[in-house]
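Alright, structures below, take your time with them.
Okay, so chain A shows up in both of these, paired with chain B first and chain C after.
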Partner chain A sequence: MSGFWSLLRLDLALLRRRRLPRWIAGGALGSVVLSIAFSSAGDGEGARLVASALRFLVAVIIGLTTVLGAVSISGDAASGALRGVMLRPVGRPAVVLAHATATSLFVMAIYVTGLIIALVAGSTLCGYGDVLYEEYVVIGADEMAGFMFRLVLLPLPALLIPPLLALCISTRMDDGATAVVLALVATVGPLLFGFVSGDVPEWVFTERAMHPATVLGKLAQGYQLDADRVDSVEYIAACVWQPALWLISFAGLGILLFHRREIHT
Partner chain B sequence: MSGHGIRERLLVLLVAALGTSAIRGQTLELIALETDLKLPYQDLTEADMDGDGRKDLFFALADPPRWEIRLRLPGNAGFGPPRVIPVPAGVAAIALARVVPPAGYDIVTLAADGLAVIPGGAGGNGKPRPWCRVDLLFPPGHRGVPHHWTWGDDIDGDGRQDVFVPGLEGDLLVRGGADGKPAGPPERMPGPPTRVVRRRTGRGLVEVRRMRPRSELARLYSGASVPAWLGRDGLYAVPRTPTGFAAPMNLFPLKARAQAGLGILRRTDVDLTDLNGDKVCDLVLTRTEAKGGTFPDRRTDLLFFKNTGQPARAPAQVLLLPGVLSSGPDVGDVNGDGIADLFLSVFAGDVKSEALRRMFGFRVTLDYHLYLGTGGARAPFPRSPTLSLSDKVDNRTFETWSLRHRRVLSHDWNGDGILDLVDFKADAKTCTVTVTYGKTEAGRYELGDATTEFTWTGKVTGYGVVSMGEGAAAARLKTATGVVYVTAKR
Partner chain C sequence: MTEVLLSTDGLEKRFGKLVVVRDLSMTVRAGDVYGLLGLNGAGKTTTLRMVLGLVRPTAGEVVIMGRRVRFGAAASRREVGAFIEGPAFFGQLSALENLLSLSRLTDPIARGVAQELLVEVGLGEAMNRPVRTFSFGMKQRLGIALALAPDPRLIILDEPTNGLDPKGIRDVRDLILRLNAERGLTFVISSHLLHEVENLCTQVGIVHEHTLAREGPLDALMKEGASELRIVAEPVEVAQRVIEAHAGPDDYRVDEGGFLVQARNVDPASLNRALIEAGASVSVLSPRRPSLEELFLARTEEVAS
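Right after this comes the complex of A and B.
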């Protein structure tokens, strides 16, 4: 773990300076703005607007941050920067963990920013009212606010997995393009399959990220099928410990793969 | 009465009591009671024709048109030889009703010029005897071997079964009498108004079509069936009074919803059932419709209206479900607490899932939801299902209505007062019936680990669960030429 903090500072600085992270952040936040612009939510239907924006945001983050993770170490290797890093007194696990931490912080920053934009837009453009069926109140505004508070935060742990999975692949690849393709297959594949068939098990990380946003959308339309379940401690806990297991697994695998890799310094 | 007789009767009672307690709450041994007619049949109805408390089989067959009654034999011996009744000329349909003493269902034939009755038990000679002279009118598409039209029911509240038949101008009540003859002439019941539809044809002529919507018998109060119909502005019922029937009453006023966009895909069903155990039937209104957009979402709305004797203008609860209602809503006491519970199934039915099913052969997911009744003063059911089950069926099974619903929660198989789940699994050569016993844990309904399985060898064309008598649930497997009942060994 030697040199972790210096590497983290370096990675964060690179994230700020490089063009790819900027494009990724711009693309993700742009998708939020687009989904708000094309939303059909009416007066009092702010929760619907937030839910549709979140679904876009989650899908885009999964796709784009996968690319970021896939080019991290493989990109450094291709540019020769990795050799320079390895000449410094740093441990190999620190290299992987620094990349993983920097990317995770980046994902969190994008998600929270997109969420704030969606919440503010929902409040100003629509407002948060009761969910109605004709004149009958299906879900009260207060209860809906409680659902929204929980459900908008629950995708976050699972959103950290795609870049880490991609990072794991990049630890063995010198070719960035190959790493990107392989990582996209592993992350966007289940996402697309879930979009098309709606048949992905919930413990798969893409579905774990999409499900809270999907349920929020359903609740905002008055469908209360999952209301009791997402209200339970078990669901909230599963949204945390399952992604945590994925994260630990990929981090460990990444460190292991990078440890065995030959780097000519 | 001799002492020997009393001892014999006590012994019989003891054996019966032991037999019952051996079944109650236990896992069962399943057996198959099979009947093969060796040729296709048009219709099958289970009814207790001989009055022994167990249901017999009533088949309708073509070429030549005839009915066959197969009486249930004692014990586990299955069904007896057929009693063949040729279809009299001019008969359009039949009603099964208890109109001729002693007990047991009789066959009431419905023809354009009146009703005749054929006693259902073994004693009759199979010849119809005129029962009531009345002019009847059947829908234009009603043809084929005369099969089951309606059941007899106590409509006027005198404790005897009556028959509700489609008269020329309106639906008619034929009251059953004590001597096996009608008690008076048929009485015309209030019904939905006649609608006249005018349409201009290609040559400038106006086509005028007079349509007479029919009413249905609905159990408005527990044990009391009255005519009811769904109008554009609500559900009308004909309340019973001490001297007869009152004028129709719009018991549940419903808003007439404007047709718009893809509203033609809308379907509305109503069920009258007691939701809160007050012996008065409440209204369950089910709407399935497509909702807006280029790729419309399908949605099912369940509205529950409490019956207070006064027009109910607002629903007590609304449940919105994504997708199309496939089975149900079945309301019954699932967990044995005396409060009505709700069981239904839905499937997505939207453009995406239809495209995947038709183009790529994706299996269709049927979601079964159980809502345990709350018994609360306001909402009769919780907002989310207490138990959800899922089943994936292939394209062929999905498209065959009689095979689509492989999970049935409608009967108590082991007599513990809690309904048990029946799963069907059929292929080209076998059909396996699995009974999973329900249990309650801290007031919650759960499916236990104990199951009983039975595999019948042969190809089935449909399946379901029926009652073959008091406390005798059976899985009915229909084949092309017969029927098999998988039931508990007694």
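Right after this comes the complex of A and C.
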């Protein structure tokens, strides 16, 4: 793993300086602001406002960070910068893991920032009352704080899967555009298929990968009543560990693919 | 015996049926400025890529400072500075940031050292500008600064003077010669600019048709070429008659505004006397050694035939 920390520092510096990450962050947070601005949530319906904002946020993060993952190594290869790095005494696994870590931290930062914006907007604009289904209380206003906290944890591993899958593709590509197309076909394609066919594509990455955001959305619409399930430790563990295993697999595959790659550009 | 810093043995690279490098064995010793010469497509850059572990050899091995280079392994590049096929940087970062960030991947260097290095390669005023605003020549200079940081023993430069203006070429040449003389740094320089190699290198390897056709000290190579006499005399018809009588009809040619005569069978003093006695006015009569370019072309034509 020689050079991992230096590579990570370099990759984080590049994320701050490059235009694409800035546009992605701006686009994702802008989508949150827009969804809040056009929300029809009324008094006490802060959860509904948060839910609609997060659904936008999740969709934008998946789409745009897939592009980011796809150009991470292939873009550097196309510009020749990868050659500059590989002429140094750095391990190939370190190159892939540093890119994966930097991309993951970036996705987390955007998601958490978007979530905070949505929560603050929900609190100040509407306030959090009980979430009701007809006359039944699905989540009480007093439980809302804990429920919201879990929202930070649950979707994150699933949100990291598309950019890391794209990164995996990127390890074998010298051409950023081809990598982007392949990555979008592999990640957003099934989601679009699910959207068109009306089938909730929970099977796309893992059985429950998209569940937390989906569940929240359904809760806010008042027709999903399995709040107890969302509360259970087993459910939370499954939401975190199943995608986490996929993440580890993608990172491992990326390292394997990059290890065999010759640097010609 | 001087330490061998870099050697290759039977190096070969194929892409399917296409042979790019074939049975290439070269040796670079400490303190050498080694010029790797070859026509475009001869296999120079692929050889250097294999040396640096960027490309996996199909056969053969590379040894750097006693360590066998394994494809993808980091250790062999620890004491090697290099740039291959043009400069490679992050365009969004400044020259100084690139230098600090990339040298950190080997051993961190202090900001002051990085600044001095950039001043040394002529980028003192541009060090804080993003590299994407640099001209090719400026990037080339930055590439050389990067290869020098932090303190390698062996520096591999692929076409280092490409894109440089005449002053830049002279600066790079002076820098290489100074670092070689003062710090004993060893250089491997791939180039097709033969007069540059002639001015710079102590050892030469000629890559032709994907293999090393010739390797050895530059001096020895230059001595191999037959020396000539350059004669400028008027009237031309008289001079030509005398030269033909002295040297034979096949051992002279008209070139460079005069005559080039094979020196092996001609005594310059008697030829000069004969020219004067025949009424010719001799303005130049000087020995001339063939340039490296002529030797290189002769060698490659010899191998081809």
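The rule we apply is simple: the second predicted complex is superposed on the first by the 232 of 265 C-alpha atoms of A that agree within 3 Å, B and C clash if a C-alpha of one lies under 4 Å from a C-alpha of the other, contacts with A are read in each partner's own complex, and residues count from 1 in each chain.
Keep in mind that, in the parts below, contacts are C-beta pairs under 8 Å (C-beta built on N, C-alpha and C of every residue); 3 or more make two chains touch, one makes a residue touch a chain.
These numbers come from a predicted model, not from an experiment.
K.L.:
Taking the superposition as given, does A:85 touch the first partner, chain B, the second, chain C, both, or neither?
P.N.:
It touches chain C, and chain B stays clear.
K.L.:
A:26 contacts which: chain B (first), chain C (second), both, neither?
P.N.:
It touches nothing on chain B or chain C.
K.L.:
Identify the partner contact of A:252: answer first if only chain B is touched, second if only chain C is, both if each is, neither if none is.
P.N.:
neither
K.L.:
Check whether chain B or chain C contacts more residues of chain A in the superposed model.
P.N.:
Partner with more touched residues of chain A: C.
K.L.:
With the two structures laid over each other on chain A, which partner does A:140 touch: chain B (first), chain C (second), both, or neither?
P.N.:
Once the two structures are laid over each other on A, A:140 reaches no partner at all.
K.L.:
So in the superposed three-chain picture, is A:42 touching just chain B, just chain C, both, or none of them (first/second/both/neither)?
P.N.:
Neither partner.
K.L.:
Examine A:189 and indicate which partner it touches, taking first as chain B and second as chain C; both and neither are also allowed.
P.N.:
neither
K.L.:
Touching chain A in the complex: which residues of chain C?
P.N.:
Per the touch definition, chain C meets chain A at residues 49, 52-56, 72, 74-78, 82-93, 97, 101-102, 104-106, 146.
K.L.:
Help me check something: in the complex, which residues belonging to chain B touch chain A?
P.N.:
255, 301, 314-315, 318-322, 348, 352-353, 356, 362, 365, 369, 382-385, 388
K.L.:
Which residues of chain A touch chain C in the complex?
P.N.:
2-3, 6-7, 9-10, 13-14, 17-18, 79-92, 259, 262-264
K.L.:
In the complex of these two chains, what residues of chain A are touching chain B?
P.N.:
133-136, 138, 196-199, 218, 221-229
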